[in-house]
């Protein structure tokens, strides 16, 4: 399944990109497929693997913050692996770009 | 922590309220604190308990659908239990209603 | 249509309920149908009315903050007015509670 | 400000990529800065311009569907233009990749 998530501390100052960097390190070291975007991180895998990564990201922020806000969106389609790649390809095909 | 989530099948027809009813039954039987709203369900508990309930809700829909979409928002505040109750109360206080 | 939204400043300190109170005042004075929940505010109306309220809420927070984060979810169903009331009723009916 | 949004019909069948293609055409013709991701589209601009594009995308889907679901997340930071580019750059810098 494909999941997009964003996690950040509330109340620690306006710039949260150093926290984001800590989160990215966890994602990388997990070995899960991922894609950074300016608004959220997209990851792909089985439910438990995806949620384990998000849980660790959320809690690494909580070590240094009293309040953490996390949003997750899941698109889970039977028989569709590698949606991170195929969704954009299918779209380009429909737009006549392939 | 407080979490709000919505889960629904895509492509099974416009009315999804019978699916929602199956989801609510899982939530009730879990014993977790919850509140229904017209747009999502709010639950409160520890990370693992919250995510276990959402996982089961997501997958009960997947039994009868090839595609399931789930959104989750988490507000996790240190030292704040029973936020489901206290957040509204704190708000009413500020509005001068208490 | 039905919309749920949450808006808060990032980086102004952990407690944001006084900001939330300012937001609620705008919603009330707008006359739009609304329901407070511990995680978000639900409003119902036509697209332009809904978005006008959310825009004003977002910008009242920006007056005192350098960064504002807002999430909006819209459920727009043809021929369904008063979904704020009927969605919960339809659900209760399916759960055998009516 | 930066906004990420996803809009799709509920109940029209599992594959919604042709609808997504119609949405992308609107975004392109609007001239607004955008980036496609496998889960959502990110756009950048002033509040009214951003919301005008999202409104038109939502309603082009409603022409052929009785129910449309749209999610929007806004990150609005004073004095920060071109966040679509700078957020990823700032991140890479912190990760020691620049």
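Note that the chains are named A, B, C and D in the order they appear, and that numbering of residues resets to 1 at the start of each chain.
What we mean here is this: a contact is a pair of C-beta atoms (placed from the backbone, for glycine too) under 8 Å apart; a residue touches a chain by one contact, two chains touch by 3 or more.
Computed from a predicted structure; not experimentally measured.
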item: Greatest separation from chain A - chain, by CA centre; value: C
item: Pair with more cross-chain C-beta pairs in contact, given A-B and B-C; value: B-C
item: Cα-centroid distance, chain B relative to chain D, in whole angstrom; value: 25
item: Cα-centroid distance, chain A relative to chain B, in whole angstrom; value: 20
item: Computed distance of Cα centres, chain C from chain B, in Å; value: 17
item: For chain C, residues contacting two or more additional chains; value: 14, 66-67, 71, 73, 75, 77
item: Residue ranges of chain A touching chain B (in the complex, touch as defined); value: 47, 51, 55, 58-59, 62, 66-79
item: Chain B-facing residues of chain C, complex; value: 2, 4, 6, 14, 17-18, 20-21, 24-25, 35-40, 42, 71, 73, 75, 77, 83-85, 87-88, 90-91, 94-95
item: Chain A residues within the chain C interface of the complex; value: 8, 10-16, 66-67, 71
